[in-house]
């Protein structure tokens, strides 16, 4: 095996200018991925975040070597995935969005199958699978058919099969969609342990709040990168403040605050409102006064930390409307 | 709080499949005009409950009434008074927008002039004017959502059931969708939402957290976040994170510690008093802590807290 | 090529087959069912055809003629009626395939040395059967007629023998002229086609449909390993079914087996390669199981059934169809089977069939191999 090329730079994934289009059905061609460039370091959990249709799955498939891009380059685990995908696959673990294992095979049989495909010999496979299953809390389900596992367990099994050969890079496509919150925690605990061991993890999610769990995130929309940084940096660079107001009559809050000066985004939640303003210090007393004058009941107005969703919506708001009018 | 009309009532509702209890004595009443969320992981019993409320499944025991009609005795009356929207299964992708609308108008027996008015209203609400001839399958997710909603309410039902309504839809479309829902609620429509996505629950006036067929918590989103957590949450930044994690696992007063992104989340009794203690503890271990601050728990934190301590937790290890 | 990976794919395929009741049914129950179905159910022989008789005279001589009909194994005199309306009713509702009407002046004419006509009314809805019945009836009457002629000649003092020219037939290969013997060897071709049509064609399509293909191709396993690994179990199953069917044919139906088992094995293996490669190719181009099975039915199974010569003789088909059968691998396999079972043709002389079969096998194997790519799109 040739030496990994990028190891001195510590870059586990280096994507440059990736592009992929799909022929449209009774519609113009869709640019699924449009000039995407980003890096992931060893031991980093990198989140590819964005709504459905943003191009996350296509990007992961290109990096996994199962879908050739139209343009651009990608080096994964030190190997050029575009020119020699088969070579790279020995060091990659991939977990597709849809459960990719065999429902009529047991947990053990699935693991054995993938171990064989990756050339993991029996002597090594047994202890490794025991260890992985224990970490996933699935030790007592070895003989159960994969089809009879709960959603959370299926996802964990998918992760185990992607890890059986000790890859240096793992690519996960929305691994926690539909998974119950407790299993989601188990899952992330495993990911953090892997990262601590130096594995590079690229994971995609449509849940913007899950981005907070990653070391770095890249927000995607319509095939393009919007931002790429740590969640903390992204928030501190936001430049706007976020307020939360609770009230027993949220609808009345809306009519009074929605078009108030300084409000750039407004959303009604079940028990109040959540707004993005230019300056909290200035607007809080303004709004308090306004609401009191009109006798609109409210509990308090607090400044809260912006969520990734706030950032996303702020960046994308105008663009969505334009793109929709086709 | 004065009593307003109740729209949906469940009394000791039970559904058993063989020996498996899918829904275990649910007691709940939802007010008219309320946006009520039924939150829980897949397999918790949400879909089963919804099917009973829609008159599609007979309860094993207990009662439920929707819009004043008993679901077991008058399922047809129930179905005429509800609208049901399921994100994945509502629309026919190979029909045009207008064809879907006409189909659903027919299915709900909305005919003639009324049908024309309602269809016009639905197109306006969904912002699909001028796009009636488009094939439904070619619409982006957000549009399809609103169209599905329009189709579900052509007959102006007093109650609508939304099943995972915005999973997979971009955040802007999701907000627009929920704006529509809130407008309908203001006009007196009761909205019953089921979701496993905790963040969607924030849009509801009240929530019931379902786990293994039982309600484990009930209240407004804020109440749930406040009252369901055992203790409070601290965010701790400290390099190197791995060593801090190890150290804090045995720290006094720390109930639980987990990695979250580039920091740690700690469960403690009281945040205010714990913060300086944790700081001192870490320095004692030779580490340099950065930010230590109290953070608001999310609904997910609440859910995990409720289902991993107490009797529900026993049931979880299955 | 990694043997470990290939075996892993093969092992998984076996588990799928064993755990799916339907595929297990096809492997075990289908061959036996088809053998029994065609062995017993399809009978092209005509025996004991129901015949009604309307004897207008009722004399000793007419009875004599009737006895000739009764003693023939091809006819079964079901009823004697006494009117034309009864005759036409019987032919209408199918209680009789044929009716014999003996005229009122039968013995009168014969006694006076004059010829007489016997009427045979035949239900010709099935014209094949009708032709055969007419032939048999004529033969019976001819025989009786010759007898009468001899009597006449003897009465005039001429000593004569039976007919001057006679035909002595010896049937080779299928002594009892049983159609089951003719059909059963061909059933093997049908069984192989079902394995190829239904089982193999599902294999790749199923992985696409269930979403497992995406994960599979993200591993280092090669396309060739996937193909060979998936087809190996079906090859073993196919050969096993050949053995089972051959056993049933020989031991149960007593079909003669005059050729060599080696030739049977070799030709079956060749045909199996053809059928598996075709099934695999169909599975690759059809993205879901339903489409795959439809295509397989049309392209693999139906031609094997209708045009391979297994049931309907190729020589009887219109010339255009005969030319089409030349590009049907099943045709060559059926031909080989009949030669091996019934004729005992030495292997060297089987090349007229084996060579085309080998060519098809090579061609389809190449097509199948090149069709499958480890790519999503």
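Think of it as A, B and C in the order they're written, each chain with its own count starting at 1.
Criterion: a residue touches a chain if its C-beta (ideal position, glycine included) is under 8 Å from a C-beta of that chain, and two chains touch if they have at least 3 such contacts.
These figures come from a predicted structure and were not determined experimentally.
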Centroid comparison with chain B (C-alpha atoms), farthest chain: C
Two chains sharing the most C-beta contacts: A-B
For chain A paired with chain C, centre-to-centre distance based on mean C-alpha positions, whole Å: 61
Distance from the mean Cα position of chain C to that of chain B, given in whole angstrom: 64
Rounded Å distance, chain A centre to chain B centre (Cα mean): 21
Shared interface positions of chain C, touching two or more other chains: none
Contact footprint of chain B on chain A as seen in their complex: 25-27, 51-54, 150-152, 177-185, 188-189, 192, 196, 206-209, 212-215, 221, 230-232, 246, 250-251, 267-272, 304, 309, 312-313, 316-317, 320, 324
Touching residues on chain A, where the partner in the complex is chain C: 61, 64-68, 86, 89-90, 92, 94-96, 98-105, 109, 112-114, 116-119, 158, 161
Residues of chain C that touch chain A when the two form their complex: 2, 4-5, 7-8, 11-12, 15-16, 19-20, 210-212, 214-222, 374-377
Residue ranges of chain B in contact with chain A within the complex: 35, 37, 41-44, 135, 138, 140-141, 143, 167-173, 175, 178-179, 182, 186, 196-199, 201-207, 220-222, 242, 258-262, 296, 298, 300, 303-304, 307-308, 316
